Structures are given as C-alpha cells and as structure tokens.
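Below are two complexes that have subunit A in common, paired first with subunit B and then with subunit C.
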Partner chain A sequence: MSMGIPEIEDSGCLLCFGYNGADSHPIVARRIVRGKQKGMKIICVDPRVTETARISDIHLQLKGGSNLALVNAIANVIWSEGLTDDAFIREHTKGYDEFIEVIKEYTPEYAEPITHVPAEEIRRAARLYATTKPAMILYGMGVCQFSQAVDVVKGLANLALMTGNFGGPAMGIGPVRGQNNVQGACDMGALPNSYPGYQNVTDPKSREKFEKAWGVSLPDKVGCPITHVPRRILHEKDESKRIHAYYIFGEDPAQSDPDLAEVREALDKCDFVVMQDIYMNKTGLYADVILPATGWGENEGVYTCADRGFQRIRKLVEPEGDLKPDWQIIAEISTAMGYPMEYKNTEEIWNELIDLCPSFQGATYEKMEKYGCVQWPCRDKSMEDKGTPYLHKDGKFATADQKALFYGTQWHPPLEKENEQYPMTLSTVREVGHYSVRTMTGNCRTLRNLEDEPGWVQMNTEDCRRLGLKKGELVKILSKRGYCITRCLPTDRVTPGATYMTYQWWIGACNELTIAELDPVSNTPEYKYCACRVEKIEDQEWAERHVQELYEDIRAQMGIHTGKGAKA
Partner chain B sequence: MNLKQVQTTCPYCGAGCQISFTVDTDANKIVEAVPADGRTNAGTLCLKGHYGWDYLNDPQILTKRLRKPMIRKGGKKSPLVEVSWDEAISYVAKRLTEIKEKYGPDAIMGTGSARGAGNEANYLMQKFMRACIGTNNVDHCARI
Partner chain C sequence: MNYFVKGNPDLCIGCRTCMIGCVVAHEGKRIFEIDPDSYTFNPKLHMVKTAALSVPVQCKHCENPACMAVCPVGAISQKDHCVVIDTDKCMGCKSCMDACPFGAINMVPVAGKFQADGTEKKVANKCDLCTGLPGGPACVRVCPTEALTLVTEEELEEAAEAKRKKAALNAFSENYPQE
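After this line comes the complex of A and B, so read on.
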C-alpha cells in the first residue's frame, strides 16, 4: 500500500475496487466506516452488494471479469472532461500520450455493454473521484485474481497519476494484502524473481551482492512460480526443468490452489514431497516427510502488515511436543546438505537480512520494541528514522528518473465463458470468521461454532426460484473440472447468473471447480471467474447423511477421532 | 498462579492488529486476549483476533496437531512413521541431495509461507533454495 491504514479515514474520496474489507479485514473496514462518518465520499466497484457498497455514494455493480473496461472508461471520462492534474502529469510522469491513445475508445457508452454499468453512472463516479482531493484507491483480490490482473492494477495507478493523487497523505493506491504476512514473504524474497528487499535476481549487481554475502555463486534465471508447479511436475518434457522434489512450508496447496484434481495428481506423481507445518492438512496426505513446526504464539519473529509495517510477534506459550521453529528446521537441513547456517535466534537472522536490504536497513528489533511498528522504507539505524507512513512523497517515484510511467492496455474477457452446459459463473470470496484453509481457525471452538462444513454458495433469489432451491438446502455445484456439495444461500446481494463460495471447506471445496488459468505477469489464478452449474439434490436426507459421513472420513484422515461412524 | 502480559501481532489478515495476552505461565495457557493500542487497530479487534488463539489449546476438532517428525518409510501411500529429528533432517537432506545430483537444482521447488512463520523463516527458506540448492525456484501463497 502506498498509504498507511490509519490514513484511510482522512481521505476525501475512496474508490474501493474489488475489495470487501468487511469480510477480509474487518479492522481496515472500520477505517472506511469512520471515513464515511467524517464525510468521505465512497465509490464502490463490486459485483456484489458488499457492506462497503451499502454505505457508498455510488455503487458500480459491474459484471465479473470486466474490470479493465471499467477502469479505462473512468480514465476516458477524466481525460475527455478535462479533469486531469496537468501539472502533476507534466512534472512527475511519462507515457501519458501513449496511454491516452489506448483509452480513447473506452467511452462510457463503449464500456456499458461490457461492464453492465450504465454510462451515466461511470461518468458520475469518474467526476467524483477526479474532483475530490485527496482521493484514495483500495483494491483487493477482486482485482488480482483474474487472468487480466496486473493490467488492472496499472489501470488503477493510471487514475491516481492523472489526478495527481500521489505524494501526500490519504491518497495513492493500496492493495490490501490478504494473508497476515503476504507482504512479509514478498519483502523477504520468497519470490522466483527477487532477492529480499525487491532486488532482482537478473540484475548482475544485486546478484553479486548476495553472492558475496552468502559466499556462493547464485543462479541468474528467474525461478518457477508456485502456480506452475503442477504442470512442471505432470507435463514438463525437459528433464532438467521437471520438478521432482517439492518442499512445502506453511501451505496447503491440496486445498487452496485451483483445480484440486490436478494438484492432487501432481503431488502424487512428485518423487519427493516435504511438508513443514503445524497441523495435519490435505497436502499432508501426499507428503513423504512431515516436519512439525512451532506455530504463531509459540515462537518469535517479525511480520509485515499490509501497509509495510514491520511488527514483532512474540512467544506466548511453550510449545508442547517435539517441535522446532521453522527457521531452525530449514537451517538444520541446509547444514546437513553442506551449506552451514548457524543462528542463535531470529534477531540474528533479521540483522543479517536488513543489512542486505537498503529499504529495511534501519528497521531494527530495538526500533520495533520502542515504536511498536516501523513502516519501510526505513534506511537509517538511528532512532530518528521511524520509517515512512506513505510512499512517493512530493511525487518522487522509485524509478531511475523518479518519474512514474503510464501503462495503457486493452481489456480482454475472462478465459472460461458461460456456456450451455455451465451457464453460471463462480467466484471465490472470503469468510469473515475463518482464515485461509482454516487449520488454525477451524481448530478454535468459538469460530468453528460460527460456521462449519459444507459452507454456502451465494446465489441470486431469482436463480434459486428457477432451480427450486430453498435456503440451507444442499446442492451440487459443478464445473468442467469437478464438483462439490454445499448449501444454498439465496441473496439479492449478488446478481443473477453469478455464484460465490469461500475456499476453506473440505466438502464444499470450491477449488474442485476453479480454473488454473493465470495472469501472465503475476501468475495469479483466475479464482474469480469460471463457468459452473448448480443442480438440485432431490434426496436431501441422503445428502445430509453423505455430508456428515464425508466430514467424519476426512477428519479421521486428519487424525481426529469423531466417534460414531468414524474410521479408526 | 503466575501471570505474564505479552503483546503480539494477530496472525490473521494483513491489518497487523496488536493483541495483549495474559498468560498463566504455570499452566502454560492463555487466560485472556484483549485489543492493544496498535498503530492500525487502535484498541479494536475483529472476531478472529478475539477468538483465534484457541488452536494453541489443541481442542482436537478438525485436524491433528503435528507433534513429531514423520516419514513414509514404505514409500508413497505407506503409513507415516514417527522418527527422531536427526533421522528426519538427514533423510530430507539425503533425498534432496540425490535429486539435485541426478536432475540438477531446478528440479527442486520450495515455498515460503505468507502465514504464521514470520519474516526470518521466509528469509532463510529463500536463502536455502538459492544458496544451498542453487535455484530460484522459490515462491509462496501470495496468489490465493
């Protein structure tokens, strides 16, 4: 996020795009509500009537998969009506004319049939965003989980650039990172193309620096993204590129990744699978080795929150059992393989890494203790450098000439379209009380009691009437790739033809249906769009029994004995 | 009963809320969790922040907490057998070394974790993959 989370409530106008804070980040959503109370205008772009949509001034309820057409149309209105910040464009950006050439044709009338948003509504939204200062954009997975995702992120950045909404507080553009430490895992270089601190593996200078620090020569090719792994195991012909070993740490791809049938086949065919985790999970059923780690609350370290804030995590209780912290397990394997890693504690590791990353160098444990949170960039170890609340101060960007670049791209539709056999669409969304694959929250008594298997499919009431479905009824939902059983939730918060499911359920496992098509740059799957069909189950008594039996079977596989009906 | 207060960062979502815990150190159990005055949460928490620490009590609801290293000694689909850490570490090291020698470093994929583990473990994982294995095949669950 270019801004800090506390700044949200002080913005003049929020363009909230494909981001449902009330379910994914309730405490960030609270800032949106407070902003509203302080007079902030809200434009919500979402195919569902989310909580943010309910308090918005303008809700653009677009058709899923039309994001870039809408963003380009907003840009078109700002340009054609002369609502641009010309001084900012002149002094701080490049590529404006080429960008205009691309968005010229995206008039609101051109976008209306693609987005299903009336042209006049697009105009109203564009005018409100462009004429209110400061204006802020927040976006979420409703932007990122499409096969055209990076283009939309750039498209949103174009809007902020053409209206001069960078360089001060309460403006800019913010991807509100979903998982607790997804910002941190990126910061630390758990990415195929970058070392810690966003230093590129293909840049000889960066490589030389890390070679010197680590005392080895390093590969210069970009590595394999995680979403390519199933295909690199199953279909790669070149033996030197085929994946034969998969060391999975703190993840459950057999539940969380798209097209689960393909993931299971890949894990099954992979020669050697190592799983390092805290709870047994679906991936563990395919692991050759399981390494038990300490969990949150049992170890020390640092997380990075969504707005670049480094904060400490601390040990609350002593771990029970034969467990080791993740960092120690990795260090011991490395040492056993002939590359010694010896650290006494997490602070030693931290001190090594911040000295290799100019943007993190000043963020010491001492500062995190004293100030609670340090937002990067924090370059100087002196206690006076308390970090950076918002980026691009005074319109200076992290490019060689400090100028931002406009990128104009054409909209393209999602890859799998509705058809006769699968006439509806499926998008995956978030559950407020459960996190990720729910091995943590599903093992918390209060949260489990709030929501449990097999989850829900949100459907428009008209579709439910047509299919003869009532609230709570078990239904079968199918795509080209698989099917699952879940409960029907009729709601007018979603439009006819679209369905929505959350991804943590074993029985209502929507990733049996999702498609493994990827954005070409980010390699993020198109979780937000695939074709599906919903079928009524006539024998509800059988279905209820079947769900119960499935649940007990899977729990037994996970080492939980449920009593009656469960396998030993 | 000996009690201690510990402040830490919530493990759910990227908001980075601060929680203040009261821990009974004799029983090794959490007694209470209340919102702390963090920069982003300013004295508030959502339901996951309030109730999401119960998994540390291992209530045996959904899945078994892993307590010992395990290996499928009879190959794929054979049962998992509990082993010592020494055996688990040297087995993983041996198999990864064999695969690296036979197919090259790019035949091995490793992941970081965007969840509980923390930045230091992610740093070491990518260092391990790059410096010890010799590949840039490292990524994490950012995309899901």
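After this line comes the complex of A and C, so read on.
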C-alpha cells in the first residue's frame, strides 16, 4: 500500500475497488466506516452489495470480469472532461500520451454494455474521484484474482497518477493484502523472483551480495510460481524441470488452489510431499511427512501488515508436545541437508536480514519495540528514522528517473464464459468468521458454531425462485471440472446469473469448480470467474445424510476423534 | 424505564462478533474448555441483512411487553430496567415468540436438560441486557465498529432534547429565511 492504514479515515474520497473489507479485514473496514462518519465520500465498485457498497455514495455494481473496461472508462472521463492534474502529470510521470491513445475509445457509452454500469454513473464516479482531494484507492482480490489482474492494478494506478493523488497522506493506491502476513512473506523473498527486500534474483549485483553473505552459489533463474507446481509435476516433459518433491508450510493447496482435482492428482503423483502446519488439513492427506508447527501464540517474530508496517509478534504460551517454531524447523532441515544454520533467536535472523535489505535496514527490534510499528522503507538505524507512513513523497517514484510510468492496456474478457451447459458464473469470496482455508478458525468452536460445513452459495432471489430453491436447501453446484454440495442462500445483494462461495469448506469446496487460468505476470488464478450450473437436489434427506457422511469420512481420514468428550 | 440495545446500520459491518460475544457472556469462559456438545450456542440477538442494511435485532424491552402479557405461567417479568425470562418456569408454549412484534424471541434447547419425548428441553430465549454481568451488555462491548449502544432513559431524553432544539431551529429558519 502506498498509504498507511490509519490514513484511510482521513481521505476525502475512497474508491473501493473489488475489496470487501467487512468480510476480509474488519479492522480496515472500521477505518472505512469511521471515514464515512467524518464525511469521506465512498465510491464502491463491486458486483455484490457489500457492507461498503451499502454505505457508499456511488455503487458501481459491475458485471464480474469487466474491471479494466470500467477503469479505462473512468480514466476516459477524467481525461475528456479535463479533470486531470496537469502539473503532476508533466513533472512526475511519463507515457501519458500513449496511455490516452489506449483509453480514448473507452467512453462510458462504450463501457456500459461490457460493465453493465450506466454511462452516467461512470461519469458521476469519475467526477467525484477526480474532484475530491485527497482521494484514495483501495483494492482487493476482486482485482487480483482474474486472468487480467496486473493490468487493472496498473489501470488503477493510472487514475491516481492523472489526478495527482500520490505523494501525500490519505491518498494513493492500496492493495489490502489477503492474509495477515502475506506482505511479510513477499518482503522476506518468499517469491520466485526475488531475494528478501525485493532484490531481483536475475540482478547479478544482488545475487553476489547474497552469495557472499550466505557463502553459497545461488541460481540466476527465476523459480517456479506456486500455481505452476501441478503442471510441473504432471505435465513437464523436460526431466530436469520436473518437480519431484514439494515442501508445503502454512498453506493448504488441496483446499485453496483452483481445480482441486488437478491439485490432488499432482500431490498424489509427486514423489515426496512434506507438510508443515498447526492442524491436519486436506493437503496433509497426501503428505509423506508431517511436521507439526506452532500457532501464532506459541512463537515469536515479525509480521508485516498490508501497509508495510513491521510489527513484533510475541510468544504467549510455551508450545506443548513435540513441536517447534518454523524458524527452528527450517534451520534443522537446512543443517541436515548440509548447510548449517545456527541461530539463537529470531532477532539474530532479523538482524542478518535487515543488513542485506537497504529498505528494511533501519527497522530494528528496538525500534519496533519502541514505536509499535515501523513502516518500510526505513533505511537508517538511528531512532530518528521512524519509517515511511506513505510512499512517493513529493511525487518521487522508485524508478531510475523518479518518474511514474503510465501504462494503458485493452480490456479482455475472462477465459471461461457462461454457456448453455453452465449458464451461471461462480466467484470465490471470503466470509468474516473464517480465515483463509479455516485451518485456524475451523478449530475455533464458536466460529464453527456460527458457520459450519458445507457452507453456502449466494444466489439472487430471482434465480432461486426460478430453480425452486429455498434458504438452507442443499444444492449441487457444478462446473466443467468438478462439483460440490452446499446450501443455498437467496439474497438480493447479488445480481441474477452470478453465484458466490467461500473457499474454506471441505464439503462445499468451491475450488473443485474453479479454473486454473492465470494472470501472465502475477500467476494468480482466475478465482473470480468461471462458468457453473446449480442443480436442485430432490431428496433433501439423502443429501443431509450424504453431507454428514462425507464430513465424518474426511474427519476420520484426518484422524480427528469425533466421539463425545473429545477436545475439539 | 427499561433500557434496550440499539444497532446503527450506518456503522454495522455485519460481522456477528456481537452474537459470539453474547454466547460467551452467557456461557462463561468454560465454553472454551468443555466438550463442544455440552453447551448450547444460543445468541440472544440476530444479524439481519437485506440489500440495503445490516444490523442485529434484539429485544426492545417494551414497557408493556406483549410476551409478558401472554405468558400463561408468569415466566416473564420486569426488573432492573429489563424484561427477563425465567427459563426454569418456561413451559415452552411459544406464545411469547408468537406475540413479539420484533421477532426477538426464539426457542432454544437447554444443554443437559430433557423433556418428555427424550429430546433436550426447549425454552424461550431473548436478550437480558447481560443482567448481573460487569461492564454491561457484551454485544455493545465487543462490537468492532461501535455500532451498538445501550439506550437508557437519560440518553433517550438527551436525544429528544437535541431533536426538539433542531425542530425549533428549523421552524425559526422557515419563518425567518436567511438570504
């Protein structure tokens, strides 16, 4: 995020794009609600009536998969109505004219049939965003989980650039990351193309630095993105590139990845699978070795918040039984494989890391302890450098000439469109009570009391009437790739023809249906769009029994005791 | 006068933390330790979501409660600014549930108690303003967006006074419009 999360409530206008804070980050949603109370205008772009849409000034309820057409149309209005910040464009950016050439044709009238948003509404939104200062953009998985994702991120950045909304507080553009420490994972180099601190593996200088520090030679090629793994196991012809071993920790691809049938086949065929997690999960059923890990209250270290803020996490209780924190497991495995790692504690690891990453160098444990949170870049270890709440101060960007680059692209539709056999669309979403694949929250009893297997499919009330479906009825939902059983939730918060499911349920596992089509740059799958069909189940008694049997079966396979008196 | 908890749909994000807070308040911390089957998950307020609003609905603690009037066994009474159900007295006739114009009462099983047909005893369930618990209603305390407030006589009076002031000002500016 270019801004800090506390700044959200002080913005003049929030363009909330494909981001449902109330379900994914209630704490960020609180800032949005507070901003609204303080007079912030809200433009919400979402195919559903989310909590943010409900309190917004303008809700653009677009058709799924039309993001870039809408973003380009907003840019078109800002340009054609002369609402641009010309001084900012002139002094701090490049490529504006080429960008205008691309968006010229995206008039609101051109975008209307693609986006299903009335042209006049697009104009109203563009005017409100461009004429309110400071204006901020937040976006979420409704942008990132499409096969055209990175283009839309750049499209949103274009809007902030053309209106001069960079370089000050409460403005800019913010991806509100999907998980609590996903920013931290990226910061630490858990990406196929970078070392810690976003230093590229293909850059010889960075590579040399890390080779010297670690005393090993490092490959100069970009690694394998997680979403390529199934194909690299199943279909790779080049033996030297085929994956034989898969070490998975804190991740449940047999639940969270698209097209689960393919994932299962890959895990099955993979010669050696290691799973490191705090509870048994679907991936664990395919593991050759399971390493029990510690939960968040049982270990210590540093998390990075979505707004680049490093925060210390502390141990609350000593782990019970035969488990170790992740850093100790990694060190021991590494040692056993011939590269001894002898760290005494997490601070020692952290100090090694920040000395290798110029933009993190100043974020010492001492500083995190004193200030609670330190946002990178923080380059100086002196206590005076408190980090950077917002990026691009004075319009200076992280490019060679400090200028931002406009980047215009044409919209293209999602890969799998509705058809006769599968007339509806499916998008995966989140729900507030269950986090990610529910490894943690599924084991929290009150959250399980609130929502449990097999979950829900959100459908428009009109579609439900047409199919003769009532609230709570078990239904079968199918795509080209698979099917699952879940409960029907009729709601007027979604439009006819679209369905939405959360992805954490074992029985109502919507990733049986999703498609493994990827964005070419980010390699993120198109979780937000595939074609599906909903079928009524006539024998509800059988369906209820069947779901119960499936649940018991999975729990038995995982070795979970289901008898009375068991500690859940 | 009776108090009640009021939800503000402009602040509510529909997260249902209030419902969990309610259950934990009434079951006590033991619910995290005991057998999951030996407690009942009976929130005394319910999240309502329509296309236009999200807000929890719970008992209004009426001054002349319809539920109390219809209860044949006198299980419902008013005390300490609150309308309460004595679940030991409740015979499960559902008259109160039927009579309540707000849908604030439901029937729930009581863990560990059984009725004639061998199933768990079912009784009427509704908000009791967390009577007897320190810190006031749990739902108000746990709400992350501060969307819930406990409305007391004093607050109602203050709000009414503010509204009267506004009404007077409006009347004034209608009669003496400014340029």
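Quick note on the criterion: the second predicted complex is superposed on the first by the 562 of 568 C-alpha atoms of A that agree within 3 Å, B and C clash if a C-alpha of one lies under 4 Å from a C-alpha of the other, contacts with A are read in each partner's own complex, and residues count from 1 in each chain.
In this section, a contact is a pair of C-beta atoms (placed from the backbone, for glycine too) under 8 Å apart; a residue touches a chain by one contact, two chains touch by 3 or more.
What you see is a predicted model, and the numbers here were worked out from it, not measured in a lab.
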item	value
Contacts of A:439 with subunit B and subunit C, given as first, second, both or neither	first
Which of subunit B and subunit C A:493 touches, first, second, both or neither	second
First, second, both or neither for A:27, with subunit B first and subunit C second	both
Touched partner set for A:51, first subunit B, second subunit C, both or neither	second
First (subunit B), second (subunit C), both or neither touched by A:450	both
Contacts of A:400 with subunit B and subunit C, given as first, second, both or neither	neither
Which partner, subunit B or subunit C, touches more subunit A residues	B
Subunit B/subunit C common contact set on subunit A	26-27, 30, 432-433, 445-447, 450
Residues of subunit B defined as touching subunit A within the complex	6-18, 21, 23, 28-30, 38-42, 44-49, 51-56, 58-72, 76, 80, 85, 88-93, 95-97, 99, 102-144
Residue ranges of subunit A touching subunit C (in the complex, touch as defined)	21-22, 26-27, 29-30, 33-34, 36-37, 49, 51, 54-55, 432-433, 445-447, 449-450, 491-493, 564-566, 568
Touching residues on subunit C, where the partner in the complex is subunit A	9-17, 19-20, 23-24, 31-32, 35-37, 41, 49-54, 144-145
